[in-house]
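Before anything else, here is the set of structures, which you'll find just below.
Consider the two complexes below, in which chain A is the common component and chain B and chain C are the respective partners.
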Partner chain A sequence: MKLDDTIDSLRQGKHIPEETVYSLCLKSQELLMNEANVTHVDTPVTICGDIHGQLHDLLTLFDKSGGIEKNRYIFLGDFVDRGFYSLESFLLLLCYKLRYPDRITMIRGNHETRQITKVYGFYDEIVRKYGNSNVWRYCCEVFDYLSLGAIINDRIFCVHGGLSPDVTTINQIRSIDRKQEVPHEGAMCDLLWSDPDDVDTWSLSPRGAGFLFGRNEVEQFLHKNKFELIARAHQLVMEGYKEMFDGGLVTVWSAPNYCYRCGNVAAVLRVEDDLDRNYMIFEAVQAQDGVGNAIIPTKKPQMDYFL
Partner chain B sequence: MNTAVQQTDYDALSCKVSAISKHYLPCPRQIEECGFRDYSGIQMEYIRVLRMLSRRAYGKISRAVSSTMPVMNYGTYLRTVSIDLSIEEFMRKHQDEETQILNLGSGSDLRMIQLLARFPKTTYIDLDFQESVKLKAKVLRNSDQFVNFFQLNSSEGEEINTDRYKLLTADLKDVPRVLELLSRIASKKVPTLILTECVLCYIPQAESQQLIDSVAEYFTHGKWVSYDPIGGNKVNDRFGTIMQDNLRESRHLEMPTLMIYNSPESYALRLKNISHNIHIQIMWDYYMNEVSDEEKNRLKALQFLDEIEELEIMLSHYILLEATW
Partner chain C sequence: MNGSTHDEMRETEPKRVKVYILENNEWKDTGTGFCVGRISSNDQESSKRSDKCSNLAAYLMVNDEEAPDRVLLWSRLEGNIEYQRQEETLIVWKDLTGQDIALSFEESTGCDALCEFIIQVQKSMETYISLVAVRSNDDGMGSVHEIITGPVNLPSNEHQQDEKTLMEALKILNENTAFEYLRNETMEFVLKSDYINTLIAVFEAAEHNHLHRDLLLLSNIIKTLTLYNQRELLEQMVDDEHVLGVVGILEYDTEFPTSKANHREYLQHSGPNFKEVIPLQSEEMKSIIKKTYRLQFLKDVVLVRFLDDHSFNLISDVILDLQTCIIDFVQTDAFLSRLMEIYTGQNKDHEQEKKRDGIRMLHQCVQITKNLEPVEKSKFFKALVRKGLFNVFDFAFNVEKDSSIRILATDMVITIIEHDILLINTVNNELRHQNEVLDEEQQHASQQKTDIVRSSMSSDVSLLLILSKILLTDKSLGLKEQIVQALNTLLHPEGCMGGDSNYDGGNMDIIMNFYGDGKGGDNKISGEISNDNLSFQMAEYFGNFYKEVAPILFEPLLGDSICESNDDILLIYLVKLISFIATEHNRRISREFILEKGILTKMAKLMDPSHIMQLRLTVLRCLKNIICLNDEYYHRYMMSKNLYDPMFHLLRENLNKDNLANSSMLDFFRIISSQCSQTEEMSAHEKNNFMIMNRFLVKKYGYLLQQVDYVPYTKEMIRLSEEHKEAVAAADEDVKMGLADGTQSHIKDGKRTFSEAQESSESTSSGTYSSSSGGASSSGGEESLTFKRAMDKISAVSPPTSIAEDVLRESQNSDNADT
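What follows is the complex of A and B.
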C-alpha cells in the first residue's frame, strides 16, 4: 500500500522524504542483488532506451505502450542526468520493479555511475532538492547492482552501449564482478560505453571510453551466440530509433526533445512472441501540463544555449 | 527586453570562466598564434573584482559555472578560439598599419587586453548597453592590474575613454546614435575589425540590417566577424523554434531573426551589401575541419563527452561569419 502511495507521489513529481528513498534503495538493492549480470526475459516485451530524468516523457512512454500493469519492459539504462527529474524517474522505475518484479528489467547505463552523475546533473539535482548528497549516495549504491544486459527468448541481446573486444560470448559477461563503480576500461566499461559505427574493426571512441564497432563485430557476435538482434540505446537518434547492419542492431532512444532542446522524437521497441518488431514513436509533452504546471522548472539550474 | 539581452552577458562570461577552469581555454593555438599571455589570470582578476562589486552578478555567474556541461565547454571553446583566430588573421594582415577594433555588444569580453598589449597601433572600442558598460568600467577601475594597464587616472566614471581604449554606452538598435558616436571616436580610413558575438540575433531584422549597412559603410576598409545561432532550415529541424520558445518562456529573451537567417546561406545575405568576400562556417564543420586530431584528443581528455550527437546538433546551429571589404 505504501509503495502505491510513493508511486502516486512520484508520478506527480512530488518531494519524497529522504528516509523513504533510503528504504526504497535498500529494498531495490536486495532485489537486484539476486539478479544475474545478464537476465533472461520472455516476449512480449517493450524495450526502452535512455530516459535521462525526463519524468513527464517517461509517463507518456508508459501511457502509450500499455502500462506496467499489463506489460513487460526492459529499460536499457541512462535513467538519470540531464533532465530535471532524474531522481523521480529512477525511483519510479525502482518502485515499479519492487511492485511488479517480473515486469521490469533495468540495465545499467553509462550515466549510472558516481563520476558521470557528478558532471551531468544528477548530483546537483539531489543537492538542490535535499540540501545534501545523501540521496545521491543511496542511488549510486543501487546503480552498482543493476544488471549489465538482458536476453529475450535467447534471440535478442539487450545492452546499454554495445560490444567489447573482451566479450565474444555471454558467459564472459556472466563472469564479470559487476558490483562496483563502472571502470574506465575493460568489458564492463565497453558494454556501457561503446557505439556501432561504419568501421572495419574495433576503433577508438570519440567519447573517451568504450570502442566503436562495425558490421563485422556485430555479425560475429550474433553468429557465435545464435542471436538475431542487438538492441541498445546510448546514442541520440532524431527519429527515435535506427536499425543498422541489415537489422542486426538497433538503437532505441526514449527521451523526446532531449535536454528540452534537441527537437527529436522518441521510440520504444515492442518485441512480439514471434519476435516481430514494432516501434512506437512518441513526442515530448508540452512545456506546461494540463493544469498549468511548468514541466521545466522556472528556475533553470543551467544554461542550455550559447548566448 | 533590453535587460533580458543584457543578462546574456552573464551567460557568456560564465561559459568562458567554466571553459577556462576546465582548461579548454586557453588552447595551444591561442598561446602560440595569438600570443596570449596570462589568459586565465586576466579573466580571474576580472571575476575577483566583480565579486567585490556586485554579489548579484557574481552569484549568477558562479552558480552557472558550477553546472556547466561538457557540451557547453566545447561550444564556448570553439566560439572563443574561432573568433580569436579570425581577429589574429586581420591583425597580421595589417600588422604595420594603424587598426581599429569595434566590439559591438561587447559585454564583459576582455579581448581588448591581449590585443592592445600586442598591437601598439591599435585602438579598441567596446560598445554596449549602459548597465553592461557601467559594470565593466567599475570592475576595470577597481583593479590595480587593469588600472595600470589602461593607465586609468580616476576610479570614477561610468565609461572609459582613453586614447587607445574606449568603453562607451550605446543601444545598438539606435543606429543614428551609434553612427554619431563613431563619427567622434573612430577614423573612417583606418582598417577596422567589427565584432558581433551573439549580438545581431537579439536585434530586430530592420534595425540589425541598418546597423550592419551603416557601420560597415562608415569604414572604408574592414572585416566583419559575427558569431550567432541559426534556426536551421532542414526538414524536421525544430531546434530553432524550440530555442525561441525556451528562451522566451524562461527568460523573456527574443531572437527575432533566428528563423529568418536560419541557414549559413541566408545569414550571409546580411553582409551582401558591403562585401563580396564572405566566408561562413557552421561550428560543427569548424570542429571537424579546423581542429587538429591532436587538439581533439586534448579536449577529449579534459572531460567525458556525452553525447557527441547532441554536440553535433548544438554546433550545427551556430555559425562564424567573416566578411571583408
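What follows is the complex of A and C.
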C-alpha cells in the first residue's frame, strides 16, 4: 500500500523523504541479492536501453509498451546521470521491482557507479535535492547489487555494454562477486563498457574502459553459448535502435532527445514467444507545467543560503 | 617624398609593395613601388561640398620606386568596399568601378601598417568599408574569414518597440555572434547604452499589453545575449537593478509557448532567502553573495535547458571567481572571529538555533571551496581551525542531538580531511605548540623536550575517537555512512604519509609552516625536519589508534565483547573497516590487533543465518580479502579455528541457487584455484599458504566441492589437492595430522601461534591494547615493549628515512630472537 503511494509520488516527480529512500534501497538489496549475475527471463519481454534520468520519457515508455502491470521488462542499465530526474527514475524502477518482482529485471550500466555519478550529474542532483549526499550513498549501495546481464529463453543475451575477452561462457560471469564498485578492468568492467565496432578482433576502446569487439567475437560468443542475439545499450542511436552483424547484435536506446538536445528518437525491443523482434519507437515528452515535467526541473536549491 | 602640404593631410610611412590588377582573370603586375595611406582633401568633390569634414577623403597610393613621380595606384577608400587581408602580406579588394586590385607587400609589417590605416579610416570616415582577414585552414582546405573592422549592425535602443524591431534585433544579435569583431562591438553597445534596461522597459510594456510574441522574442534576445559569453554582461544581468527584469523575460520560452515559469515569484518570495548569521557590514559583499546565488539560479534553473557547454563553463567560472572573493572575505575579515564567538564559552546566551545556522553557513563555506585551488583550500581550512572550528565540532558532536546538523559537521570534517588529512591536527598542534614554546622559552627547556612534546601532540586521535563513538551510538543511517567515509580517510596510511596526496606540497606545506612560521622559538629548529618527522608522527598516530580508538570502535567485534550487537547495519560498517585496516595498514600492527582481539572468530559467527545476508556476505568478502593477503599467520589462524566452516555452511545453503551468495563463493574458489595453479607452475608447493589451505578445504569439504560442478575451479581444487598430497605426503605428515584433528600442537614449527596469544587474551577481560597483550601472552608483551623502546630511542635521535619500517624491522628481529 505504502509502496503504491511512493510510486504515485515518484511518477509526479515529487520529493521522497530520505528515510523512505533508505528503506526502499534496503529492501531492493534483499531482492537483488537473490538474483543471479546473469538472470534468466522468459518471453514475452520488452528490452529497454539507457534512461539517464529522463523520468517523463520513462513514463511514456511504460505507457506505450503496455505498462508494468501486464508486461515483463528488462532494463539494460544507465538509469541515472545526465537528465534531471535520475533519482526518481531509478527509484521508480526499484519500486516496480519490489511491487512486481518477476516483471522487471534491472541490469547494471556503466553509469551505476560511485565514480561516474559523481561526475555526470546524479551526485549533484542528490545534493541539490537533499542538501547532503546520503541518498546518493544509499543508491550506490544498491548499484552494487544489480545483475550484470540477463538471458531470454536461453537464446538472447542482454548486457549493458558488450562482450569481454575474459568471458566466453556464462558461468564465467557467474563466478564474479558482483557486489563491488565496477573495477577499471576485467570481465565485470568490460560487460558494462565495451562497444561493438567494425574491427577484426578485440581492440582498445576510445572510452578508456572496456574493449571494441567485432563480428568475429560476436559470432563466436553466440555460437559457443547457442545464442542468437546480443541485446545491449550504452551507445546513442539516433533512430532508437541499430542491428549489426546480420542481426546478431542490437543496440537499443531508450532516452529520446537525449540530454534534452540530441534530437534522437528512442526505442524498446519487444521479444515475442517465438523470439520475433518488434521495435517500438517513441519520442520525447513535451515539457509541461503541472504534471511534474515542469519547465523548471527540480534543480532548485532547497535551502536558505548564507553565501 | 610626399610631404604634408595641408593641415588635414596625413600620410603613413611608405612601404615597399607590388601592385597587381586583375585583367582577363589573370593578375597583372603593374610595377613595384612604395605604398602610403593618405588622407587629403577630396580632389573631385571638394568644390561641391561646403562642410570641411566631408572634404576629406582617404586613399591608398603607390608611387613607382624607379620613378617616384609616377603613380602606380591611386585608390579611394569609399562606399562598401571590402578589403581582404590574405595571409600575411596581401591586401586585395574590388573598387567601386569593379576593378580587382591586389597589393603584395614585401614585409608583413608593411601590410600591418596599411591594414591599420584601413581600420582607422573605417572608424572615423568611411564606416561602411570593411577589412576581413582570410587565412587558409590548418588542413589546407578552404579558408577562414575573420572580420577585422567594418560596419556593425546594432539593435534598436528605443524604449518603444514592436514585433518587427524585436525580430530585427534578434536577427542582428544572432548574426553578430559569428565574428569576434562584431561580438565585441555589439557587447560594447549593450554595456555602454544599457541595452538590458531597454529590453526590460520593452518587456514591461509587452507584458502589460499581453503581446505574447513580443515576450517570446525578448526571451530569445536575452538568451542570445548569454551566448556572447561576456562576463560583465552576465554580472549586470543579475545585479539588483536588472535581475528581476531579466528572469522575468526568461519566464517566457519559445520551446514552451503555452506556459510561463515563475522565476520572479521564486526569487522574491517562495525561494530560499538570504540569511545572515552575523550581520554583514560590507554592502559590496552582500551584493557579491546575492549575485553568486542568482547566477547559480540562472545556470541551474532558468537557463538549464538552454546553455551550451561554453556558456555553462563561463557562468561557472564567474561563479567561481565570486566564490573565491567570498571565501577571501570570510577568512580575512573579522567576520569569522565574530561567527566563532557564538560557540565559545563566553557567549552562553546564544540560542541553539543561531549555532545551528552557523554550522549551516560554515558548511556552505566549506562546500564552495570544493572548486577552489588546493592552496586556497588549505589557507581557508587552516583559518577555520585556527579561529576555533573545534568549538563548532564540540557543539555539533557533544551538545547537538539533531542528526541533520551532525551530518553537516561530519561533512565538513570529511571535506577537510579528504583535502588534507593532517590539517586539523597539525593546526591544532601549531596552536598548542605556540603556547608550549612560550613556556619553554621561559624555562629554557631543551630541544629534546620540544620534540617529544610535539610528537605526542601530533598523533592526536581525539577526532577518531569522537567519530568512532558517534558511529556506535548515533541512530542516523546517513550519518553513519559519512562517519565511515571519514574514518576510511583518516585511517588511510598513504593519505597520511602524503603519498597519494592529489596535489603537491599539501601536507608538507603545513608541516613546514608549523616549523617555519617564525612566530617565536622556531629559529632554534632547523628547517631540515621533513618526511622523517612525518613518518614518525604517523607511526605514533597509528599506534595510538590501535591503543586508544580501535578497541572502542570495534568493540562489537571483539572476541570477548560482552555486548552482543544485533545492529547488522553497524556490523557491516565495522567488518568493512576491519577489511580495510587488514589490507591497508601496516600488516604486523593490524594483524596483531585483529588476531589477539579474536575479531576474525567473532566475525565468522556473524555469518550465521540469523544475520542479514548483506552482513554475512560482507564477512565473507572480508575473510576473502584477508586470505588474499597470503599471510601465513592469518592462514594458520583461520585453519586452526576453522573459520571456513560458516563459509561452507553458506555454500551448502546456496549450493544449487544462482544468486549473489553462490557467486561470492565461486569467486572464492576461483581465487584459490588460480593462486594454487600459479604456485604449481612455479613448483613451490610445500610452503604455499594457498596449497595448504586448498588441501585442508578439499579434505574437509570435498563432498560439497564435488557438487559444485558448474565451474571448473572446484575440480581444479580437488585435482591440485590430490597432487599436492602426493608431493608433500612424506614431508608434511605432522601438519596434516594437526589440521585434521584441529589441534595446533604441531603447527608450532618455530613460529609463534597467534591462536595462543588470542586465547590468553580472552582470559584478560580488559579491553586495552597493552594489558591484553601482556600477562600470559609473553611474546606479545615483549613486542610492545620493544616497540615503545624503539620509539623512545628514535625520538631522541634524528630519524632515518622511514622510521615506521625500521621500527618494525627491529621489533620483528627481536620477536624472532625471543622465540
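Operating definition for what follows: the second predicted complex is superposed on the first by the 290 of 307 C-alpha atoms of A that agree within 3 Å, B and C clash if a C-alpha of one lies under 4 Å from a C-alpha of the other, contacts with A are read in each partner's own complex, and residues count from 1 in each chain.
We adopt the following convention: a residue touches a chain if its C-beta (ideal position, glycine included) is under 8 Å from a C-beta of that chain, and two chains touch if they have at least 3 such contacts.
Predicted, not measured: the structure shown is a model, and the values here were computed from it.
In the superposed pair of complexes, A:Leu236 makes contact with chain B only, with no contact to chain C. Touch criterion met: A:Tyr260 reaches chain B and chain C at once.
By the document's definition of touching, of the two partners only chain B reaches A:His111; chain C does not.
In the superposed pair of complexes, A:His56 makes contact with neither chain B nor chain C. Using the contact criterion defined above for the overlaid structures, shared-chain residue A:His160 touches neither chain B nor chain C, since it reaches no partner. Contact with chain C, but none with chain B, is seen for A:Asn37 once the two complexes are overlaid on the shared chain. Which of chain B and chain C touches more residues of chain A is settled by the count: it is C. Common to the chain B-facing and chain C-facing surfaces of chain A are residues 260-261, 287, 296, 300-307. Within the complex formed with chain C, the residues of chain A that make contact are 18, 22, 29-30, 32-37, 84, 128, 132-135, 137-138, 145, 171, 174-179, 260-261, 286-289, 294-297, 299-307. Of all residues in chain C, only 253, 255-256, 259, 261, 263, 266, 271-277, 289, 292-293, 296-297, 300-302, 304-305, 323, 326, 357, 360-361, 364-365, 368, 407-408, 411, 477-478, 481-482, 612-614, 617, 621, 624, 657-664, 666-667, 669-670, 710-711, 713 touch chain A in the complex they form. On the chain B side of its complex with chain A, the touching residues are 8, 11-12, 14-15, 64, 66-70, 72, 75-76, 79, 198, 229, 236-239, 241-243, 245-247, 249-250, 253, 296, 300-301, 303-310, 313-314, 318. Residues 110-111, 115-116, 119-121, 124, 206-209, 235-238, 257-263, 287, 296, 298, 300-307 of chain A are the ones touching chain B in the complex.
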